[in-house]
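The following pair of complexes shares a single chain, chain A, combined with chain B in the former and chain C in the latter.
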Partner chain A sequence: MGFDLFVIPFTAGLAFLLVWFLYKTVEWLSHLNRVDRTMLRRGVISSKTVRSVKEVILESLLHRKIFRTNPLLGYMHMSLAFGWFLLIVAGNVEAMIFKPATIHPPYYPIFFRFFEPEAAGFPGAKAFEFIMDFLLVFILSGVALALFKRIRSRALGMKKTTRLLWYDRLALYSLWCIFPFRLLAESITSGIYQTGGIVTGSLGNILAGLIPLQSFEYPAWWAYSLALGLFFVALPFSRYMHIPTEVVLIFLRNYGIHTRNSYSSYSEIEVYSCSRCGICIDPCPMSEAAGIQNIQSVYMIRNIRYKTPDEEVNDNCLMCGRCNIACPVGIVTTDLRAIARNERHLSGNLHLTIPATSSPHHDVIYFAGCMGQLTPAVTQSMETILQQAGEDYLFLDKEESICCGRPLALAGRIAEAKQLMEINRDKILSSGARTLVTSCPICYKVFREDYHLPINVMHHTQYLHRLLMQGRIRLRSQNISLAYHDPCELGRGSGIYEEPRQILRLAGNLLPTASEKEKSICCGGSLGNTVLNQKKRHAITEYSLESLTINNPDTIVTSCPLCKKTFAQRSDRPVLDIAEVVKSAIFRDKDNIRIRENYQIPAEEFSS
Partner chain B sequence: MINWQFTLHPDHTINLDTNDRTLARLLEEKEPTSRICMACGSCGGTCTAAQFEPVSFRHILLMVRRGETESVRSELTKCMYCGKCTLVCPRGVNTRHILALLRTMLIN
Partner chain C sequence: MHTRKHILVIGGGVAGMESAIHLCDMGYEVTLIEKQDQLGGHVLKWDFLFPDHRPAYEITNELCPAVEEKATIKLQTEVKNIVRQNGHFEVALSDGEKLTADALLVATGFDLFDAHKKEEYGYGIYDNVITAAELEERFQNKIPIRTAAGKKPARVGFVHCVGSRDEKVGNEYCSKVCCVTAVKQAMRVRESLPGCEVFCFYMDLRMFGRYFEDLYREAQEKWGVQFIRGRLSEAAEDIDQRIIVKLEDTLAGRPLRMAVDLLVLLTGFVPSEGTRRMATMLNLPLGNDRFIKPSDEHLRRNLTPVPGVFVTGASAGPRSISESISDARAAALEIAAWFNNSSQHAI
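This part shows the complex of A and B:
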């Protein structure tokens, strides 16, 4: 077992990193709240741990999600993460086989070639020479791609990349240096001793003819160790902290822990897990359509991490959730942003006197919502359908409508939102209804998630779907081509994708769009953003319309009154709500029209 | 007494030379669309909160532009941010941003 002074930067850096990460992990876990800690305890001895290990391999090492974004980008990340991991494992195995009976210091396998330049004759020596060289080239190909990405990110599927801070750059440059330095150091040593695999051996021979190898060997190993040490010391303060933190995140997430209404230990783990890869920038409609490139989740999370809050960054977001879907680490960015917004206005009071009223008894409550109030075509259609279906319903906010509270909550004014929620809750429950149907996905989300209502909360797409399933209304197919827009709050926000599509397939000819389902682009009208001006909103609306009209449909259909109203201002073709489509396609017994045979949705379609 | 459907207000002078318009100027800087409001009142007409109490975006902005900010404080805390005023505004005034800014600047 050897020792040399040059191993000190590496060893010290590694020790520092390990101590720091251990300290952070203990801090995070000890600050978990009681509910989360119970989840952690219950989860550890369960299949969730196995699932987490699998996810760590698939995501942290193989970077499967990035492969889905772009194969080349995925390869770049995989070669660096998985390649380096294998290099460490193979190096340790090699050292163990070479000297089986000793416990090696951590630097020994890393600088194996320096300490054992003429290592040969142990089982698999030739194979190890080849494997180590192969892995090094594998990683170097990733480094080369990373360098190329700095010049032409588009080639790796990224239009915009993150603007890095200086300590991120320091860590990045030291990371880039590690593997070329290793190649150089190993080649020089191989050149001197006439050993080495295909790559290091041949490069060593070439170098032997160019430079005096003896005098370069020591500096090369020093450079390699310094690059490693520098990277390890910079890691906890830079974006590369995501490498160890992501593992913790994956385990905790699988145990069911998630970000709630306030900044918790788990939120901090999410923040540290952000690798600032910038994959969230391109999907952001604000970036692509409105040309705003400083507010994306990557910057918002960075502000949280370095405690440099920026209200404009927090507020100027549509909260559409496209970045959540894109994030390869699976960070729920909109939740983090909501918390950042909340932290400003913890005390607030809505000075509005709303008379408390109790509602008469009905089976179903229909709640149009503020946006529903602005689209009478939607509410009238819904009323017609409700009557057609013979439902005993109450139009709760026909007069004296009250906001559901979500816009206030989205603006970070939770206390005031709660006041509205209390009033609405009393109104809803006093009617004794068993079902609440709302036309507005914004209301739907808050009713479902924050009101804790003991009754069935449905968006009208779900309700219409149920009416069709029960055969209480029937549709006749019309000769019209439709394109469906998934509203953010209904699709990504609440996971409702299939019901509207099944309804529309009955009513007309449903055409695909360029960005379906979870990739749907915000209409631009979002209430989640209080900053964005009309001009930029219009740009986003047109960007979204472009994707919707790719197959030239006759009509655009959505299921959100706000989306409808926003699109209608800029669209060159009619924009209808799904309720309007259903109303116009509804088959009444007195209609003397031949109906399509499968006017009812076949039962098997509902199993999904 | 005959109900004439209007009342007489006491004398009230608006002196734009002496009134402090700092807030209005700051607002115009942060949200330029606060200049283009033509006080049509569509916002107040559609306002969700106005069903219960006299609240109007038009009134708030008018007062701020005149530099009479005292009277708008109570109105600002009645807003539900539902966004109807933004959608009905024929001039494209970014009403929610103005309300949020004023609220931060005047209250918290």
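This part shows the complex of A and C:
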């Protein structure tokens, strides 16, 4: 076992990296809040850990998700990550077989060829030569692709690639150097000793004819070690920190930890896990339709990481969540953005002057929401349906519009929002209703996630679906073709995709669109963005309409009052809410009344 | 003897008729096509005109017979296709006829904004929300002003700028004539229903024409019409089918809720379907209001960049009747000047 001065850059770099990462991990874990720490403790000894290990292999090494979105890009990531991983493993195995019963310092397998230039004769020596060469070529192909991507990102199917910061440059360039240097160093040594696999051996022979190998050998190994050392030192400060951090992220996520409404350790881990792959750029409607290229999650996250907050970047986003779905690392970017927005300093107090009232007794509460107030055709349809189904309901905000509290929370007024929610909570619960139905997906999400109501909270798509399943209303299929738009907050936000589709299949002929379900494109009306001008909004609306009308439906259907209003302004065909479709397709006859009379309300599931 | 130049006027509203009459008087041969079964356009639907309350039929009574006498009129006819060939236009009409024209005058005008698109105002949902055009129709047909339930309204509201000056619907421009129309109609409602309160909800009042300000003053002083500055955010219906309007009174600086028995929407101008079609067919440039853009907004208001194609009336932006009439005469002169110039250059 040898030692040589040139191993120092590598060894020191590696030591630095390990210490740094260990320190970071301990810091992160110790800063987790109580709830998260409990989840972590419970999770470690469960099957979740096994699941995490599997995910680490599939995602951190094989990059399966990137493969799915873009095979060439996936190959690039996989060849670098998985190839390097295998190279290290194979190198260690080789060293162990060659000299069993010794504990090798970490640099030994890495520089094996230098220390054991004539290693041969141990079992599988030839095979190892071949495997090591093969892996090196595999990695080099990835490096070549990465180089190519920098020059021409479109070639890898991405319209935009990310801009670089200088730490990233340092890390990137040293990364690019590592494997070519390794190839060079190994080939030279092979050339001198007439060993090596097909690649290094033959390259060595060629080089022998061109340069005096002896005098180049030592510098080449130095260069290799320096490139490695530099990369390891630059890594924690560069985007490559995502490589180790993503592993931590995967475990914590599987334990059920996630970003809540303030910046936590987990948020920071998310931020560090962003590889700045830029996959979130292309699906963003802001870049695709509105030509705004600087606000995508990759940039927003980079600003958080380097503490260069930019309000404009934070604000100019639809919060549509399309990037969340696209992100191969599974970062919930919209949560990070919401927190970044709330960092803003708010001055002054708001005084709420909303009287607390109690409500008369009813079985069901219908809540239109402030956006629902702007689409009377929807609320009217809902009332007709509720009556038709014989429901004992209360239209809570019929007379006076009531705010669910979300706008206040979005504006960073968390305390005021809480106060408002308490008042609303009393209004709802005092009616004794067991179900709350709302027409607005935003209100739905807020009622479900922030109000902690001990009753069933349903969006009207779910409620209408339930009425149909229970036979309390029936539909007559219309001879009309429909295209369904998944509202951001209902689809990606709440995962409700099937109920509306099942309803619409009963009401007419449901046609596919170009971007269904989690790929649905924001209507452009999003309240999550207060700075986008109308022209750009219109561009996004038209972009979304284009996808919806690809099969030329008679009518566009959605289930969010805001989407409906937004589309209606730009659409060349009618835009209806699903409640309107149901209302006009409802089947009314004596039969229906009989069904209602015989109908018994089953024991409902309580949500908490 | 060389044949007379032939001009095809597309659209038989006031602008098209007035131009056709003057072109005929100048010795040109004119064919005027109109897609409806009657000449007159939007004016046919107005009962009386601002600012002097004269009956609208006086306009059509004068223009229609004059143009019918002088020009070739084709009703229920639209342009199917236009091909330019050696300085002529070969035009295929919807009735199968083909004709050759030396110049085209686009007088296809405007449509009223579709109030359904402003769903928050409840048009088409609540029975007591109507448009100004529907109110005018009631005036014209001497139908008394009543609510959907047949009761005398105790309070009527007029909403200005419906579909105009509204970024959200994509119409940022002012439609120009709806303010004064609201004032005119508000006065008439007060006149025919003494004791009924009348409110106008406006953003700001655009009394741009001669005598318009007098009309506005008279509405307040003589008829007690109340003007409230603020944009309506939404309208809802109560149990008695009254319309609850919500707005921010921007002069008083406080939110306002008010119940009215009848709500009248002053829907603005949008380029008519015909105007949009002609612009596409002839490749005419549009302003950002999507109306046709003339070559020069001051000096060549009827000329377009396409040689031989001219524009007049509300196809080139919101206009009042009197403005359309002056503009139509200007268009006739512009066409004559163009013929004179091009004959000098010997086509």
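Criterion: the second predicted complex is superposed on the first by the 583 of 608 C-alpha atoms of A that agree within 3 Å, B and C clash if a C-alpha of one lies under 4 Å from a C-alpha of the other, contacts with A are read in each partner's own complex, and residues count from 1 in each chain.
One rule holds in what follows: contacts are C-beta pairs under 8 Å (C-beta built on N, C-alpha and C of every residue); 3 or more make two chains touch, one makes a residue touch a chain.
The shown structure was predicted, so the numbers you read here are calculated from the model rather than taken from an experiment.
Peer 1: When the two structures are laid over each other on chain A, which of chain B and chain C touches more residues of chain A?
Peer 2: If we count touched residues of chain A for both partners, the winner is B.
Peer 1: Where does A:V35 make contact in the superposed view: on chain B (first), on chain C (second), on both, or on neither?
Peer 2: Neither partner.
Peer 1: Once chain A of both complexes is superposed, is A:V50 in touch with chain B (first), chain C (second), both, or neither?
Peer 2: A:V50 sits against neither chain B nor chain C.
Peer 1: Between chain B (first) and chain C (second), which does A:Q373 come into contact with in this model arrangement: first, second, both, or neither?
Peer 2: In the superposed model, A:Q373 contacts both chain B and chain C.
Peer 1: Tell me which partner A:L527 touches in the superposition: chain B (first), chain C (second), both or neither.
Peer 2: In the superposed model, A:L527 contacts chain B only, not chain C.
Peer 1: Looking at the overlay, does A:A568 come into contact with chain B only (first), chain C only (second), both, or neither?
Peer 2: second
Peer 1: Have a look at where A:H351 lands relative to chain B and chain C in the superposition and call it first, second, both or neither.
Peer 2: Only chain B is touched by A:H351; chain C is not.
Peer 1: Per the definitions at the top, what is the overlap between the chain A residues touching chain B and those touching chain C?
Peer 2: Common interface on chain A, chain B vs chain C: 373-374, 534, 565.
Peer 1: Taking the complex as given, what residues does chain A use to touch chain C?
Peer 2: 373-377, 380, 398-399, 534, 538, 564-565, 568-570
Peer 1: What residues of chain B sit close enough to touch chain A in their complex?
Peer 2: 31, 33, 46, 48-49, 51-53, 55, 74, 77-78, 80-84, 87-88, 92, 94, 96-97, 100, 108
Peer 1: Would you mind writing out the residues of chain A in touch with chain B in their complex?
Peer 2: My answer: residues 315, 345, 347-355, 370-371, 373-374, 400-403, 405, 407-408, 410-411, 413, 416, 420, 525, 527, 530-535, 562, 565.
Peer 1: Report the residues of chain C in contact with chain A in the complex, numbered from low to high.
Peer 2: Residue list for chain C touching chain A: 116-117, 119-120, 122, 124-126, 167-170, 233-238.
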